[in-house]
Every structure is written in structure tokens, then in C-alpha cells.
């Protein structure tokens, strides 16, 4: 298989305080085209930080980053800002935990869905952009996309907003979608729908997904491979089924044990 | 108090000092000390005229020079600062005292009383503060006490609004629900459970209150409203000094700088205290 | 449209309440207006005659409605001191005060928005630190003091304008505007400093919100995020402040008119307050109240345009 | 029957008034609970499952008397139900020390006058029961972790030894491993003090683990009730099925 993203020895350190604080240590990840990889861990495990680093969204001051994030022949950690930006939203997209706050409250939905096209495909005309936006909004399962196009975020429910986020992230048909706890803030039934949607988009468009969650059972439903993190370190990595069947490390066992077992 | 003192130390996490708080304390402290000393001693009597020494510039004898009647400007400034500070203190006491009680009670209980009070408060807040005090002054009269009361009342709405907002924020926290479930009385919830959580905001608001009160008092007395000559307050003196801008420009400086320093001290204190937890 | 109607209605209601407060407050003050008019010459017969004539013996409510109806018809009563209609007294003064306030407002907007954005963008840079300290100091300088200093520097040292040389707009419009520049600066400076501080803080707050991260994730440049996403959100609290500042500037010009010898409404207001010439005071207060409410209405409408969430909350 | 029911809810209806913002707009009433019938038996853990907005928190608030605006009947054997909330960060007063927070329920107790020694003894008993040490008493809430805070919240609720405890999503805001510890604590306290617990959660797995009965709510109505094992095996209504499938249980 083709490797599209290769992260090696990623090391992130914060300098907000007198003492530097290591939040991610020796993080490695090889992402194959079209696969879904899960990163699981509790709060403070460094899973979100790693994801933000890959997406190029960690703020540039008050922290140091070491290692390499190779994508398309460039190291995203050291490359020119313009090169990084040309990938963001076009080749690498991201969706976040809080659909309520991740959309700009004073901009129309359509404007936000189209944003990546406006930035990366400057020659595309307005009509075509709208056509694509409507198409994308339909394929993330929004009914009445024409109507939603002219609405504002506060008029939508949490589940619908997360669909909008996904539509906006997928509109440029990216190679990689990074999903940072995209269902944590949602109800279980909505959560299941979003997971189903991600699986569908992965299949149809061949987008590779990095799925970050604290919920191992959710990872089990969606991912092929999983990386278990604790306190900034990778504890264990491997195929999801292997890890559930025969966890190697004590921490992984503890995580699995924490899921209430149901024997019907 | 312990918390207050601890704010002067370096912040352990960031290694920074609270510069605003330190500067504010120094400036305000200095002014307060000079005013307090002025209760017992000033270099000259603030009302003693000396026709041989009219409109003199800065010198060691008269550090802020003399005015058009040959009075020592520094001594007069010390005296005027006392009046300004006294009125400001009175104003803030009325404003913060009534404002906190009104804001806490309406915010906590809500309902029609709250809606009505807030309509009145909003209407008053929409009015420019100097105009509001002018309205009250025209109702009560133009003396020192009247001005203090007028300013005090015009300060109530802003305190009430801020305290109400804070109380509303705390009221929706689960710990208030917990307290209610345990049968804690409403007054105990307001004063024992909620108020300690808003001291930071309150203290910072009080400092801003001093800042605004000094400005407002100086503005009113500049217009000739408030304490009357010969015991003039700072704004009044500045208005006098303006007439001599041609013959002795430095006359306005000592007085104006005192007002600016006084305001600056309080505004620095308020900035610094915003970091109070 | 329904939103605007609602706001206009609520504004009218507030104005009505304000008029009641003003009227009753001034009616309850001890002191009889007729005695006040004639001073020592007042005889009981004369007083009684005038009381009848002015309708002062009617119940308070009747007097209030008489006053209010004539007020909205543009009849503001007669000055006790000058024995002329109040309307005529203040008509020619209002444009002066209003021009001064609007000039100050424009200056505040022009100064504060670029500096606010710049300091927020370069948060914790050297320029930011210096400008923040300067800001803090400017906020502490009352307009009447900065006005005096400016009179000294530009009027006495550089002789760029003539202190006390006010020309009316009826005679020389540009000369009138020129004379108002320094007073307008004096009023605008502290407000501009406050607006700058508020905008800076607001931009920084908004920039820390989740949606800016989303905007970056789509490949926006820093400027793209700032101008396309953050600014509109950050302006929301600033607009409230600026609306209040405009109202404050009308009132603030009262003091500054004294400093620069501008014959606006301030002189009339102050003499009327000192002389207890209540019809004049009432009229000016009601006038300013109406203006404040109209400004609030405008702010509400601008709000509605910027922030789509408002409709739902109402 | 009857005597072993600690709470009987009969045809409970709750309306929420949408608070009007201006005198010109109309009041809107939202029907949140639509005729709920539910019995809570002495000594059991009853799970109340449902998604956000289904009315499960409203039901809890009506039981403890935080919302008195309802029609129908709530009969309680003991009038002492206490509540534990979801967010361990907002349910402890940040300006008070842990010791003060634990002592407060006794200081304001109207049924009994507690002496200082009695309060001290009870505080020490409870701090031990919730698995914390006495040196925590002098700390402020922000010096504690989320799990420790939730333990303190439970401790505060237990101070007056209530017979009924209502826990509103007590573990949803916590990490999974901490979640497991808090669930264990609740089970232990349940055994040790014999408290009846009404356990509200959106998580069907957690409910399965600790509850004797489960009631599934949706749109202000109880759709299904029974022992978790039975309900999960043979869900009668479609909604329960959908929930089970969504959670990956079926």
C-alpha cells in the first residue's frame, strides 16, 4: 500500500511556564492511503496535540516541535508556511469535538462550507462553488441543503453542525481527514450516524481518516488500526481486533476493563 | 489581605510580576499619604494670600508655584485632593454598597422585581454619567454634599449591573443548586456561598469606580459645581488656573498632573486586581 | 422589520418613562416657580394670578399630560429667566454641540480601530506594550485638562488657532469646523483609548475561540482569519461601547465647551441649573435622552445586521 | 407492596416556561414531561437512560423539589433525597475548602443541631468513605482532580445520611478509568449505607453494569422499563433497539 503520511519521532514541548512540559514524546504514525487509524487515550494523553501538530494547527510560539511529519515530499514541521497552508483544507482537513463552537457564529453555513474552495481554487466561479457545496451537503446527509446553505450555525442542531463541519472539511476531497473526538459532544444515536457517515465517506472518496477518541468501543466500530496513548507516549499500537483480543500492555488492559462488559 | 499581598510576589507559573498592581499601589499610596499628612501639616496655609508673591513659577519655596492671589498651589492641591478623594470615597461607598445589594438580590431572585429594576438601571446607564450627575445636582443643589450624593446615586446602576451579572453567573453553577438542596437559606447562599466568588470582580470594579469618581468630581467642580472657593477642589482650581494660561502656563500643570496621577493610580490598581482570584 | 418595530416601540416606552421621571422630579422640588420668576417683587396676589394663568393649581397628572402633549408638539415652555420660549433658546445651539460630538466620534473610530487591530495582532510585542501603557495614561487624562494643554501648545506656543475665537457655523462653516478640531480631539482621546483597549481584548478573546482554529484548518492566512472571521465577531462588544461613547460625547462636550469658550448648549444648561430655570433644564435633558435612545436604536439595528443570533434570543 | 417504594411518581407532567425577554413577546410553554409513572424501590439502583433533552434531568429536579411547577403526584417515603451533578467543576464552590464544603450540610441542618465535635467526626467518617484522606480537607477544589472532586460531591450529598441519592450523569465528564473508580465507589456506598440510588445516564453500558432496573426515556415519556438484562436482550420498543445498536451493544 501507498504511505501518504509518515510521522516519526514527533516531540512536542510547551513553554508556557518556567519548566518546559513535554506533551508528546516519540510519536510515530504511518498512514496508508484510504485507511482509518484510531488514536485512543484519556485526557492529557497527547492524542489531540499530535493531531493538531499533523494538521499544522499548533500555535507557533511558546512551544517546540521536533521530529518529522512527511507529507507529499515535504516535512510539515519545517516547511514554508505557504506550503503548509496550501495543504490545509485541501489535502489535509480536520474536524473538531465541539460542533457548537467550531463554526463561525456570524457567517452563513454556505460561506463556511465553501471556504476551502475559495482559498484553494481561486479560479472556480461562484456558481460552481455553490453547486459543489450543495452536492457535498447532500452527501453528508443534510436534508434541504438549499435552505441550510443560507442559514446560520445557531439555527442548527449539534448533529447537523457536525455534518456541516464534515462537509466543509471534505469539500476539497482531501487525502487525510483528522477527526478529533467528533462525536463526544453528541448523543449516542447521532454519534452512530456520524460514525456511519465517516465510514461511508472513507469508502466512497478514499479519504484516509485519523480518528481520535477516548472511547475504545467506538474505535472498535470504525477503525482498522489503533494507537493507544498515555501521558504523551504511545503505549501500544496494532490492529484493533488484536489489541482487544490480546492486549500487551497493562494500561491497554485497564482501558479495556473500564468498558462495562455486557453478556446477553 | 493575605491574597492581596501574595499578588505582589512573582507569579510562580509565569515568573512575571504584577507591574500594574505595584505601580498603582505606589502612586495611590503616595497620594493618600500626602493627603493624610496634609490633615496636620501643609507647607503653607491653603488660604493664606501673599500679594507680593502672585503667580510665581515652580521653585523650592513653592514647589508648584503660587496662584493669582499668591497662595501656595501645592498646599491648595493637597487640600483639594482631600476634597476630591473624600467625595470619591463617599461616591464609591454609596455606589458599591447599594449597587451590590440591589444587584445581588435582583440577580438571585429574578422575577418581576428584577425585570423592573434592570429596566430602570439600563435607562440610567444609557444616560451619559456626567449628565446624570448634573440632573441630580440640579435636583439636590450644588454644594459639596449634594454633589457627593448625586455622584453616588449615579454610580449605583453600573455596580448593580456588574454584581447582578456575576451573581447570575454563579447562580447557575451546580454548587448553588447543591446548597439549595441542603436547605441553605437564600440570604446565606447570596452572602456566604456566592459573594466570596465575586470579590475579585468587585474589588476591581471598586477601583474603576474610584477612577471614574475622581474624573466625575473633577469635571463637575471644573464647571463650578461642588465645593466652593476658597476651599476649592481640584477641578475648580484648574478652571481658575486656565484663566492665567497666558501669564503663567505652568500654573495648570501641578493641578492637572495631580488629577491625572490620582486617576492613573486607581486605573493601574484596577488593572492589577483583575488578576485577583 | 418586526425587530425594528419592536425596538421603536420599546424606545417610545422608555422615553415615556423618562419623561414621567423628569417631570415629576422637577415638580417635586421645593420652591415655587412663580415666586422664582418675580423674586422679591412677588406679592401673594401676583403669585396667585400667575399660578392660575400657568395652570399650576391643577393636579400633577393633568399638568404632566399638558406638558407632555405640548412637548411632543415642539412647545418646550418658557424660560423663567429670559421669558422667551425654550425652543428658540436652544435651537441654534444644538448644531454646535452635535457637530462637536460627531467630530469626536469620527475621530475615535478612526484612531481606535486600526490601533486596536494592530496591537491585538502583535500581542505582547514591543509596540503593543508601549501602546498599551500610553493608552492607560491617556485614559487617565480628563478632556478638560488635555483641552487646556492643547490650547497652550497650539494656541499660545504655535499660534495655530486663536483661543476663544469661535466663529458660528452661520458665518464661516469651515472656520467653525476648524475651531472645533482641537476640542473634538480632547473629547475623542480618552474614548479612543478605551475603544482601542476594548477592541484589542475582544480580538484576542475571539482569536482564542474554536472557530478560528477551524478557519486555520481550511488554509486561511493569519490576515484571512483576522479580517474574514474574527473581526466581525470582535466588533460586537465594541459597537455597544461606541454607541454609549457617542452619547457620552454629547454630554462630554458640556465640559469641553467651557474650556474652549464654545457657545453650545453647555452654557445654557449650566446657568439654568445654577438659576433653577427648570423648563430649560427639562428640555435639554429630554433632548439628550431622546438622542441617547435614538443612538441605542441605531446600535440595536447594527447589532441585528452583524449578529444573526439576536433574533432567536428575542 | 407500596411500603418498599421510596418514590412513587404518578402521571407527572412538567411544563417549562420559556422566559420572556421583553414584555412584548409571548410566553411559550414547552411540555417536558408527559405523564411519567415510575416507582423507585427501597435499596435498588434504578437507571434512567435517555438522550439529551428527553427529560431525565427534569424528572430528577422535580423529585428533589428544585422544580415545583408540575402536575401529578410525587410520593416520597423519605423527604431527604440528595443529588450529585454531572460537572465536578461547577458543583463545588471554588472559594471554599473541602472541609468547609463537607461541613456545610450539617451546619444548616434544620432537623438536628450538630455540635462541632459531631460535625468533625462525621466529616472524617465521610472523607474516608469516599476514598480520600484527611489532608484533603484543607484543600480548595481546584487543587483536586476531576475524579477527586466527584468523590467530594458524593461526600457532600452523603453528609446528612440520606436514604435516597439521585446521581445525574455523575461519570459522564470523567475519563474512562476514573469513571470505573467512581462507579465502584457508588456501588460500595450503596452496599455499605443501603442507599437507594436513582442513576441517570446516557450510557447504556454503565447502566447495565450497576443498575437493578432501567427506565428508558424519550421525549418526556418512559418508553420501556425492566431489568437491564431483559430489556437489553429483548427490547420491546424501537427506540431502545436504536440506542442499543448505536452504543454497539447489539
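A, B, C and D are the chain letters, set down in written order, and residue numbers restart from 1 in every chain.
Basically, contacts are C-beta pairs under 8 Å (C-beta built on N, C-alpha and C of every residue); 3 or more make two chains touch, one makes a residue touch a chain.
Owing to the predicted nature of the structure, the values given are computational and were not obtained by experimental measurement.
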Label-sorted list of chains bordering both chain A and chain B is C, D
The larger set of C-beta contacts, choosing between B-C and B-D, lies at B-C
Where chain B and chain D are represented by their mean Cα positions, the distance between them in whole Å
48
Can you work out the whole-Å distance between the CA centroids of chain B and chain C?
22
So what's the Cα centroid distance for chain A and chain C, whole Å?
51
In angstrom, rounded to a whole number, how far apart do the mean CA points of chain A and chain D lie?
34
The chain B residues in contact with chain D across the complex are 115, 173-175, 177-185, 188, 193, 196-197
Spell out the residues on chain B that touch chain C in their complex, using ranges where they run on.
119, 123, 126-131, 134-135, 137-139, 142, 211, 215, 218-219, 222-225, 235, 238-239, 241-242, 245-246, 249, 252, 256, 259-261, 263-264, 267-268, 271
So in the complex, which bits of chain A are touching chain C?
55-57, 85-90, 93-94, 96, 98, 101-107, 115-116, 119-120, 152, 154-155, 165, 168-169
Can you check the complex and tell me which residues of chain C touch chain A?
209-211, 213-221, 224, 229, 232-233, 306-309, 312
In the complex of these two chains, what residues of chain D are touching chain B?
23, 64-66, 82-83, 85-87, 90-96, 104-105, 108-110, 153, 156-157, 160
